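Each of the next two complexes has chain A plus one other chain: chain B in the first, chain C in the second.
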Partner chain A sequence: MRLIKMIRHDIQFQWRHRFYFAYMVVCSVYLLLLHGIPSGYKEKTAMLLTFSDPSALGLIFAGGILLLEKDQGIHDCLFVTPLRLTEYLVAKACSLSLLSLIAAWVIHGFSLGMPSSPFLFSLGVLLSSSFFTLLSIGVVVRTQSINGFILLIQLYALPFTIPLLSLLDWGPRMLYSLFPTYGSLLLLSSIYRPIALHEIIYAIGILIVGNIAIFIWARHSFQQRILLG
Partner chain B sequence: MSRKYQSLIFNDVRQIAKDPMLLASLLGPLAIIAFARFGFPFLSIWLEQQFSFYLYTYSDFTVAFLLLIIPLLPGAMSGLLMLDERDENLISYYAATPLTRHGYIFYRLALPCFLSAMLASAFLLLSGIAAMQFENLYTIILLTLEAPCLALFLVAFAANKVEGLALSKISGLLFAGPIAAAFIPDPLQYLALWVPTYWPAKTYLLGTLNEPYFALASFALGLLFHLFLLQRLSSMYLKRTD
Partner chain C sequence: MVIQVEQLRYAYPGTTKPTLHGMSFEIGRGEIFGFLGPSGAGKSTTQKILIGALKGYEGSVTVLGKEIKSIRSDYYEQIGVAFEFPNFYSKLTVLENLRLFRSLYQGETEEPSILLKQVGLEDAAYLKVSELSKGMKMRLNFCRSLLHRPSILFLDEPTSGLDPVNAAIMKELILERKAAGTTIIITTHNMQAAEELCDRVAFIVDGQIKLIDSPRELKLRQGEKKVRVEYKIGSELLMEEFSLHQLADNNRFLHIMRHYEVQTLHSLEATLDAIFIEVTGRSLL
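Take a look at the complex of A and B:
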């Protein structure tokens, strides 16, 4: 119950701070862009856009929200209530993933229509978005300013973009399969090609493992640097 | 240089070590220059071999597009820094010092202007794909004004750094300026006149087409538009800070 309330509160916060408006504008621009792309390249471009923006929107926004909460001294008050740190982090991941999902569906729905596998597409967006949100939280507690955070997050996120090279058929696949984001790309590629069962199991598995690992890291970082720091 | 800015400059120089984003606004444009100089020829050969796509046909557009990133980086950085300082109530402290609030705004906007002017000039001279023409001077002046426009847009419309991030996302729309100037046919292109980045791109492209009078007219209109924006946005920002 507390978790649902927290998620609702986070969504209201994001609405009030114009996240939904910003993404309405961003989605419109992407739709215009996709409109101008030749049909042979449209699906792959839509997948890349979905991966690099809606799926990764938490990367910048989660950090910004945390920095603002830190400036406003919200954390000290928040964690004297029964709210647990796990619920706080899960609520952030869920609320931002919901925005990612809506944006991804708008981009895809209006440019290419219904994805061939709506479930896998949605799962890919949700798990990728929560992964990037938790990564952002783990990084932002290590910085003091918004600009410092924006730079540092690029450094932390850069290795997770390596699987993008697989789209150019560069390097061995085994290397990419170590990254959770390779699972994201596989699930998102369901919009333009059928995915084998073993690929689905691998993609969901690596994303869940990645989410759990990054959650533990973000939780520990938050505890050490914000609550005990 | 006035003594009142000295402590801010010393503080910012110290900040470069602590807050590497200031350094990034310098290194980012340098990376763009390096890409245009070394990466662009390599990419064009690769695209030609793989897809029979001749990237050099679009080199003027590429210059107009890459040039735009140069002021947007320090502009966004400065805007977010001002929001950070406002969130931490630092601006009221600065306002109470001999620096005054106006001095603070001037200082925060002067640095991105200076960086934009220097780095845009460096791009035009060193990238190897830019046309050497008199109109580049107009383009540099307009690009220099882009940085404070973006910074003021963020601080005038955002209540805090989170809203600043959302707005900086929307400012990605500014990339529509050079796209419209290069690719959209004439009557429809006028829809982009309200996009500030349209003007430096259009001025540069008119220069490459050997249209000196149209380029001058584009510069003059763009300059007026940017000065109008600066005036409106700074008064909105001051009203919000009050």
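Take a look at the complex of A and C:
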């Protein structure tokens, strides 16, 4: 199956460009940081780290990968094969989500042990990472350089960090619930508290809707700016 | 016909001025067809439409019996494309690159190592692409376009930037594919390559085809039916021209041939460069 082959290739590409090595270093820093955090704050800090980094890993890596591919001029060659744009984008989201999941488990496993709900924790990481990967792809096709990308991605990603304010009990929950990332926080909070069924349904639902919406936007952006650009 | 194009018009999104103004042409099975023209003439746009990269055109473009506007991704099982710039995943090896691209096709494919051998790259199989020379990358680019045994091959400037040895290798490879029955469409501004390779050429200027014919016919039709002889008498170099008509009975020509040291002897058919300038009023550069 072509999608599986593209996922395997993306992992090979990320490995060859030492993305995994770079992330191992980052994970080690996080583990050291968590080691120094008092036990009362450790779980919330681990959840924040999982949200802000392994989940959002796609945000930076997807942009970097696309810039490397653009620099190597590979897109024209890829899209005169039977490869569909959908397969290309889904492969990127899957390969980076997998890396996020491994990183999240390493950080969590070494600092806090097994999450209380491994399935919800994993699902939260996967859906959040794919969301940010696709967001990153939609942004990076609008830029030509790494500097331009870093500036623009902050602009696009900032609104999705608004639900973090809910951790401080600021503002109305209704407002936060409009953001897919609120769903991420709910699922990731399963590492330190039980989540009600309606919260699980809402969180998975909003993340799936968010992923579909951002996929459509990323696909359209890629089509217009890379393939027809 | 493998390719049929009628009244093709195209304007890039956001522009009011069309790039192509009503092109019509046909390309037969097993033919090598060349699009010739200066930069910006519309050659690449025409190729992009034929390979399905641009679909917002007017008119009709049929390839292998299918209108390009309605093709799906399986169209790429039947065509091979080698762009002017031989781009690959530079950190992957030659073989890894070919294996990746091969894995994207569902139909029968060639064994990459066999293709590499055919183009003389078998020793480079385990080198990273970033370690290859331009000539090697161009051959690898050609290899990639053949992986799925396409019935139509689109080659954009196939000899661009190659030294004479590598350019000759590339021309030989192209002719081998023609002999195997592949239809080949070449986009170039290299008149010499077009002359040597193409069965027919189309001159494109300002988004229009000014002329289509075989290079040989063009050269004969537009040239002078004469032969030019350069010969030496002692240390003096002399030159004379003779009509090809009944040349064997031309006593002066026969006298020169028999009694003097002939240095060069050329028929005066036109060059494609000269014909292009005459027909279009434009140079290729």
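By definition in this document, the second predicted complex is superposed on the first by the 229 of 229 C-alpha atoms of A that agree within 3 Å, B and C clash if a C-alpha of one lies under 4 Å from a C-alpha of the other, contacts with A are read in each partner's own complex, and residues count from 1 in each chain.
The criterion applied here is as follows: a residue touches a chain if its C-beta (ideal position, glycine included) is under 8 Å from a C-beta of that chain, and two chains touch if they have at least 3 such contacts.
Just so it is clear, the structure is predicted and the values come from calculations on it, not from any experiment.
Novice: Quick check on the superposition: with chain A as the shared anchor, is it clash or fit for chain B versus chain C?
Specialist: When both complexes are placed onto chain A, chain B and chain C end up side by side without any clash.
Novice: Under the stated touch criterion, which partner chain does A:His220 make contact with: chain B (first), chain C (second), both, or neither?
Specialist: neither
Novice: According to the stated criteria, A:Val25 is in contact with first (chain B), second (chain C), both, or neither; which is it?
Specialist: Only chain B; A:Val25 stays clear of chain C.
Novice: Look at A:Asp76 in the shared chain and tell me whether it touches chain B only, chain C only, both, or neither; answer first, second, both or neither.
Specialist: A:Asp76 contacts chain C only, not chain B.
Novice: Using the touch definition from the top, say if A:Arg193 reaches chain B (first), chain C (second), both or neither.
Specialist: Once the two structures are laid over each other on A, A:Arg193 reaches no partner at all.
Novice: Quick one: the Cα-centre angle at chain A between chain B and chain C, nearest 10 degrees, please.
Specialist: Taking chain A as the apex, chain B and chain C sit 90 degrees apart.
Novice: Using the superposition on chain A described above, determine whether A:Leu67 touches chain B (first), chain C (second), both, or neither.
Specialist: In the superposition, A:Leu67 touches chain B alone.
Novice: Look at A:His17 in the shared chain and tell me whether it touches chain B only, chain C only, both, or neither; answer first, second, both or neither.
Specialist: Once the two structures are laid over each other on A, A:His17 reaches both partners.
Novice: What is the contact status of A:His9 with respect to chain B (first) and chain C (second): first, second, both, or neither?
Specialist: So A:His9 only meets chain C here.
Novice: Looking at the overlay, does A:Ile146 come into contact with chain B only (first), chain C only (second), both, or neither?
Specialist: first
Novice: For the superposed model, what is the least distance in angstrom between any CA atom of chain B and any CA atom of chain C?
Specialist: It comes out at 9 Å between the closest C-alpha atoms.
Novice: List the residues of chain A that touch chain B in one complex and chain C in the other.
Specialist: Chain A residues touching both partners: 17, 72.
Novice: Going by the contact rule set out above, which residues of chain A touch chain C in the complex?
Specialist: Interface residues on the chain A side: 2, 5-6, 9, 12-13, 16-17, 72-74, 76-84, 227-228.
Novice: Please give the residue numbers of chain A that touch chain B in the complex, ascending.
Specialist: That would be residues 17-19, 21-23, 25-26, 29, 60-61, 64-65, 67-68, 71-72, 144-148, 150-152 of chain A.
Novice: State the interface residues of chain C toward chain A in the complex, per the touch definition above.
Specialist: Residue list for chain C touching chain A: 13, 51, 53-54, 73-74, 76-77, 79, 81, 83, 85, 87-92, 96, 100-101, 103-106, 144.
Novice: Can you list the residues on chain B that touch chain A in the complex?
Specialist: 18-22, 24, 77, 80-81, 83-84, 87-88, 159-167, 169-170, 172-173, 176
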